[in-house]
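Take a look at these structures.
Note that chain A is present in both complexes that follow, paired respectively with chain B and with chain C.
Here is the complex of A and B:
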């Protein structure tokens, strides 16, 4: 398979917008096209991610809509939906298109608009990503899913609510350095611990927000990318799944799909966790970051909470996690999240992340989780 | 890129079912796995198509759900949504995965369940595949879109309502030979002409039905497929788009995305329209079949109506179109339709289509159209 690189990235401000998701994507795509220094007509295919557009915007079939708004309405387009991992999945398939030699330059991205609808409706639509027969019917929305995971991790490893709070504090500290983040204000451990319970043991400030936003990437084959000094190479990209049913998962303190995808991507790239300099991972809830840092191999099982408390995952720490602010502070426009993470890692590996730059970062990892932990994608990126 | 073949196919009965779409898919997938004579654990990825599951079943994130029901919950899965072309798009991406050397054996398919919801709700959800800003808001549902196309074709070429009726009569005649078809009863030209107008000039019997159903394919790399004498080879697969906005289309009597995708696939396969022996194409409305037979190059523009009237597209005619009964009589479970068409062409090229067999068919074509003609996929298949 041919080598593939990211040659351009674009991200809207994350937060509340009064535009359609397709318009948000178009803004991000325009930025990515300028960043890549290509003409729009050079783009040969569009990989588009969106999750709840049917429910929230009465809009399916968004691929050609997005391409039409970009002024390139004749290219092949596909919409992807893999719950919150949607645009990371789109990215992996785009890498295969270039790898197979079908196209040389491809755009990948996604967008979501949910802040135009009531919070209870958004919560219901997000819950469609869990099983309709066994889980939605008993009211198991995502705070409940991750509360089960948190409780299992606390029971098995002694992880504390304070440790989880440290994840939120760290990601808000990072978000304050990111002008595109939804929340750019620091918070304290006490603020997290004193916020209202949403699903015990998770409190309001353990949870990422609902977010509008778009993100876009321009990918290119080696022949195109090697002429561009700011290219960031895809060293590996892998997906894995797990049973859709929470009641079939044997150990809720682990996310098996993360572990599977991580093993596969390290093998593909010839890397190990110690080679990774910077990480954007799926912190939809604080416990999700703790479990992911373990599943990705940065810490032994049960040590993720302590690592967060000790500051090992902050900027300047052993392994900086979510320098962008993560889903927690940067925001979580679900269809755009995976592409947004890749945009951040690209920016970091280029050394262009300004005050949130991880100094000397040469290898980066992105991790995106879908739904009730049934889908995970993990990718590795490098310079040169 | 490596060569790819279809080595197994499965299709549920199309029509009304009292099961979820994921369960319908599982039935089709089980049939495809048995037909391919592989073990489920040999399948390395699942490409899953569904359009309105969020709206109609409160179920997104269907990839891992489908894999879980198949007993292979750990493999990478992706859900695709490209309006009515959904599972044909999934197929094209799966061919790229195998072509790129990422996997050797992949499952593709899709399912839809809509007959559990009221017809007006289904009509609304389907309309989400047209533009929410300019088209849904003025009540332009799909019968209206294709009525505009029909009127343009009638004005430009003199195509008649009788000619359109002949398409319906032919596809019902074919459907009567297909035990999996939703409608297995012959109809007459008079019945079509005397049925109620839905959107002038289209009448009830010019329209395909709402349908529940599932379809699945097992694809394999050359190394696997060449040991299997019933393998049907993918000679080419292409996608093209057109502007999402009806008001931007310059000539409503043509579907430009069909013409673009057809040119590309003939070039890829080194074939021309006269090489094609059997066709499954997207007859969501009778006029759609007439326009498609022109866009695919079987007849000159304006001659599709006369060709239908003369019987050239029937079994035993110059170029048999929709021997399965097509969307019109076999039915149109939108997320399953593209995979279902490929299953039919595979069956035809194997010589296993029984009373609806196109004798001596060696090259087949599938064509699937999405939404307001903004997405089209065309693929070519052959024996040996």
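Here is the complex of A and C:
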């Protein structure tokens, strides 16, 4: 396989927009193309991610729509849907297309628009990413999925609601440093603990928001990328799955697909957790960040909550997690999230992240989780 | 007979009548909830139906207070993962148990939740 690099990134402001998801993607893609310093016609394929467009915008066939709005309507396109891990899955396939020698320059990304519909409708559409017969049928929501995980983690390890609150506080502190973030203001532990329960033990401020936004990446083969000093190399990218059913999860306090994908990507890249300088991971709920920091090997099982409380995952800490603000504060436009995380790690490894820069970061990791923990992608990136 | 319990339709028809049915692998003995084509443990295709008594205990639970569209009037409601005594688990709606009595290891018993044509998994007091 040929080496592949990220040569351009673009992200819209995350939040509420009065544009279609395809328009949001086109804005991000335009920024990525200018950042990569390529002509639009140099793009040979588009790997596009979107989840709820069929329900929320009555729009399918989004790949060619996105390419049409971008002004390159004749390139081959494919639309991906892997719940919240959608555009990270698209990224992995784009890397394989270039690695296999099929194309030299490929665009990957995604967009989502959900703030145009009522919250209960968005909650219903997101729940379509859990199983219809076993989970939707009893009214399980996504906060409900992670509440089951939180309760299991609390029972097994003694993790507390206050430790979970520290994740939200830290990610809001980071988000305040990111001009593209949906929420750019600090919150306190008391504010989290006093917010209303959504699915016990998770409260409103344990949950990421609904978000409109788009994100895009230009990927290139080594022959193109090595001429560009700001290229960030893909050291490894791996996907793993787990049973789709909550009732078949072997241990609700763990995310097995995270552990499997992490082991595979460290092996592929020849790295270990201690080599990682900066992380963007899937904090759809505060407990999800705690479980992910354990599953990715940064902390022993059961110590993720204490690590959050001690500040080890903040900027300036042992292993800075979600300097962008994460899904919690930057926002979670589900079809764009994976590409958005890769854009942040690229920016960090280029040393261009401004006030939220992790000093001297040379190796970065992205982790994106889909739905009821059935899909996970983990990728590693490096300079030189 | 084996094919009879392999579809979701038949599982829920049986459940509607108060009967839970698992499937056991004739090669390795793995017990599972249908439908499954191959055994996830040994990859064989040799399932036989097994009645499940419906008794179990809570593994994890939550009280859902923000419901999806169409279920607003039902909220708040409790949902739990229940490990049945035979060793497989099911997710179900908790009924007739106060929220503040919910805890891990609480014994519960299956009961079907029937709404019109729909049948869902429920658990009430043991």
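Methods note: the second predicted complex is superposed on the first by the 384 of 384 C-alpha atoms of A that agree within 3 Å, B and C clash if a C-alpha of one lies under 4 Å from a C-alpha of the other, contacts with A are read in each partner's own complex, and residues count from 1 in each chain.
Convention: contacts are C-beta pairs under 8 Å (C-beta built on N, C-alpha and C of every residue); 3 or more make two chains touch, one makes a residue touch a chain.
Quick caveat, the model's predicted, so the values are computed rather than measured.
Once the two complexes are overlaid on the shared chain, A:133 sits against chain B and chain C alike.
Of the two partner chains placed by the overlay, neither chain B nor chain C lies in contact with A:34.
Contacts of A:148 after superposition: chain C is touched, whereas chain B is not reached. In the superposed model, A:267 lies in contact with neither chain B nor chain C. Of the two partner chains placed by superposition, only chain B is touched by A:96; chain C is not.
In the superposition on chain A, contact of A:227 is made with neither chain B nor chain C. Applying the stated contact rule after C-alpha superposition, one finds that A:185 touches neither chain B nor chain C. Of the two partners chain B and chain C, more residues of chain A are touched by B. After overlaying the two complexes on the shared chain, residue contacts for A:123 are found with chain C alone; chain B is out of touch.
Looking at chain A, you'll find residues 127, 133, 136, 243, 245, 248 touch chain B in one structure and chain C in the other. By the touch criterion stated above, chain A contacts chain C in their complex at residues 118-121, 123-124, 127, 133-141, 143-144, 147-149, 151-152, 155, 196-202, 243, 245-249, 252. Chain B makes touch with chain A in their complex at residues 1, 20, 51-52, 54-55, 57-61, 63-65, 67-68, 73-83, 89, 92-93, 96-97, 99-102, 125, 128-133, 136, 238-245, 248, 256-257, 260, 370-371, 374-375. On the side of chain C, the complex with chain A involves touching residues 8, 12, 33, 40, 59-72, 74-75, 77, 79-81, 88-93, 99, 104, 113, 118, 120-122.
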